[in-house]
Amino acid sequence: MSELGGLLVVRGLSAGYGAAPVLHDVDLTVAPGSISAVVGANGAGKTTLLRAVSGMLRPLAGRIELAGEDLRGTPVEQLVRRGMAHVPEGRGVIGELSVDENLRLGGLWRRDRADAARALDEVYQLFEPLARRRRHLGHQLSGGERQMLALGRALVGRPRLLLLDEPSLGLAPRVVAQIMALLRQLRDRTGLAVLLVEQNVRSALSVADQGVVMSLGRVAATAPAAELRDDADLRHAYLGF
Amino acid sequence: MSATRAVAPPQESPVGAAGRPGAPRRRGGTLLRHLAVAVVAGLLLVGVSYAVEPFRNFQLATVAAYLCAVAGLTVLTGLNGQLSLGHGALMATGAYTVALCQNAFYDRGLTGGWLLPVSLAAAVVATVAVGAVVGVAAARLRGPYLAGVTLAVAIVVPALAVTFDGVFNGEQGLSVPVEPPPLALGPYFPYERWQLWVAGAATLLALVLLANLVGSRYGRTFRAVRDDEVAARLAGIHVARTQVLAFVVSAATAGLGGALLAVLAQSVSPGAFSMTLSLFLLMAVVIGGLGRLAGAVWGAVLLVALPDLSHSVTELFTLSPAAAQRLEGNLPLAIFGTTLIVVMIVAPGGVQGLLSRLGRAVLARWRARRS
Amino acid sequence: MDRLIFLTLDGLSRGAVYAAFALALVLIWRAARVVNFAQGAMAVAAAYVAYSVTAATGSYWLGFLAALAAGLLLGAVVDRVVMRHVNHASPLNPVIVALELVLLIQAVLGMIYGSQFRPAEVPFSRSAFTVGGLTVLSPYDLFVFAAVGVVVSALAWIFARTAVGLRMRAAAFAPEVSRLLGVNVGGMLTLGWALASGVGALAAMLVIPTELGLHPHAMDLVFVSAFTAAVVGGLDSPPGAVVGGLAVGLLLSYVSGYAGSDLTPLAVLVLLLAVLLVRPGGLFSTVAARRV
């Protein structure tokens, strides 16, 4: 695999909670304008991988580069300024704040106030239901609306790389399909790169360019998503279908 | 009363006992050991009381009185996890009860060696009653709410002495008439030595009882409730009852401590039981190490020694009398406050925790060298 | 009837100060989950700064501004130097450290200024107007209402309408998510401490002249009253703190007017206990003071 052209390059990453590592020696490359899906069983270390990439978890070893810049020592709150957005597990919608406040929070760090306002308008156009519920509090939203809000909030920052943790969790298949289609649309239109962690292997691989199979904290296989979809052995061994 | 009384604490708190290999863990053994330690400490203290000057005797007696209250608060806050900022008020309850009892006896012309023990017992009973009321409320409250209520108690209760000045004589307070030492001890027996014996005996008794309580089934339920209330409840422990019990026990010792202070000073006034005293008691618990009974000694010693030390320090400088007075009252508080903040951040185990760690390290090194 | 009106107005004026002080407590509680027991001592320290500045310059208003600045600064320092480093694993720890700060601050004040009461200046007369034979508010009471009103409105505006207020709320509600969104959570916490401590300083400046005067312990009872007010309102609710403050002010005014001022401390204690035992979450909050 070529390191050239990788927007996100992870090499030899080990990370975990306390002294015991959950991730062992993980290598990963996400090309600009591509969608990579990290799939694997519960406890394979998918969420831990995202947390380590976004700096919420300090890596024990290894290197993480975003557009050629080493991220080591970069505080979490600086990552949005480097173009990385992380929609955490459970979506992280702040229930005590209104929809509008949640969305504005995504662009507060930006110097270009005018463009932040434009991005906010674009998100409202993209997600009609949010525009109708601007004044509602986060905890009054449905699961699908929350996912829209979390995604929209990340997009207000106009990221280059989006880390998405289990967007399909608890959502109806129709909504999941909409979200996956939206990711593909964003990739094509804006060149957004996505690192997607999913339990829902089928829909993740259907939208992804690259598939990364994780098992017990290690990368078991990396391949074009289409190949993974068609590789019955791999599917049986790691994905259970 | 026998001569075997002293102020030194039983060194074998359960914490210490657990660290000693081969120490008997049976109940009877624990009780006997605590008694033995108390007797030894008592004899030691009687020796000390003859060796040092009267003023030091008085200071040691004051240490004993504080120790009583601090040890009780250690059980409550350290072992049971309930924060009380109101123990100064409980001490005031004990102190005023003793004053009222002694005055009532003397007004009726009663004399005799039995008066003081009766008054002290009455002080404990009165404080237990007050402690039970506060404890029942406290058992329903948590964290900052409990701290706030007990802080209110600490500020409000001393003010009651002024509100009901018909009984408590306002800011002036009451005097506490106390009998001279028994004639059997000889006509020239120093009064301060007698004070130390009285305070030491009472405190030692309280400490033996506390140490046994802490080592008993009740002590374990105290800790269980502190560590995880839900788990304790699931294990069949009646959480509220346990918390009230802990509060009552610590109130009893606080009342005794306050009563002893009143007896030592032979007077009682609201100024002696301000909010600062309540904070001081809590800080003594912290500096000794939360939850370590043996650590309470350090706290109590510091409460008495710090003002003395700062007096010596201020005498080193040539200051105007006004400045010296300002410095003397406040320097110990400032040092205490700063030290404690550092202790809380750097060594939450307190002095006793540091000593235990040090002791274990030395022991380990010694063993390593031997093998 | 006249007396009732007078006591009501007087109670509201006193309550305005409690409201401000309770609001400061609520601000820190919401931001850091710490009840700042040192707030009274910190506010007194700021008031002493005002005393020194006024003594040196002869201007009440310079002292007033100095107190606010000192309050802001002290709050930031307490957060950065002390509270930030306290292990919050046990909820006892921050409370104990705050109490240690009380000891320290009061001792330092005692060392510098001694512990006699010092008269505190007022910028306006404290003698009440009479309207149609009815004794009502004094100019100073009006000043108190105006100052508290301005500060409460300013805080409400900051939190509801400004970007910094949004960041502060987000950091308090969801620190981890806020960091992912580029919010400097540590900075917001320090700002919260500074604002709260500044409001506390204002309350001290307003209340001390109406009581016995400046003293290291001058805010002890005010703290308990304001804590009660915050509990009445529910520790989590800023509007609750304001309403609670006014309610406590009224109650204390009536008690002291009809039953004697000696009884006010007892009334505070009884009210605090009653609220906590009957309605632990306060009257405006759904959060419980009890666990399990």
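We just call them A, B and C in the order they show up, numbering each chain from 1.
Keep this in mind: a residue touches a chain if its C-beta (ideal position, glycine included) is under 8 Å from a C-beta of that chain, and two chains touch if they have at least 3 such contacts.
In this text the structure is predicted, and so the values were computed from the model without any measurement.
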Lowest number of touching-chain links that must be crossed from chain A to chain C: 1
Busiest interface, counted in C-beta pairs: B-C
Chain closest to the middle, measuring from C-alpha centroids that were averaged per chain: C
Farthest chain (mean CA position) relative to chain C: A
Distance from chain C to chain A - Cα centre to Cα centre, in angstrom: 44
Rounded Å distance between chain A and chain B, as computed from the means of their C-alpha atoms: 58
Chain centre separation (chain B, chain C; CA means) in Å: 33
Of chain C, residues touching chain B in the complex: 29, 34-35, 37, 82, 85-87, 91-93, 95-97, 99-108, 110-115, 217, 220-221, 223-224, 227-228, 231, 235, 262-263, 265-266, 268-269, 272-273, 276-277, 280, 289-292
Touching residues on chain C, where the partner in the complex is chain A: 163, 166-167, 169-170, 173-174, 176-185
For the chain A and chain C complex, residues of the former touching the latter: 54, 56, 75-81, 85-86, 88, 92, 94-97, 101, 104-106, 108-109, 153, 157
Residues of chain B touching chain C in the complex: 77, 81, 83, 85, 137, 140-145, 147-149, 151-153, 155-156, 159-160, 162-163, 229-230, 233, 239, 274-276, 279-280, 282-283, 286, 290, 322, 325-327, 329-334, 336-338, 340-341, 344-345, 348
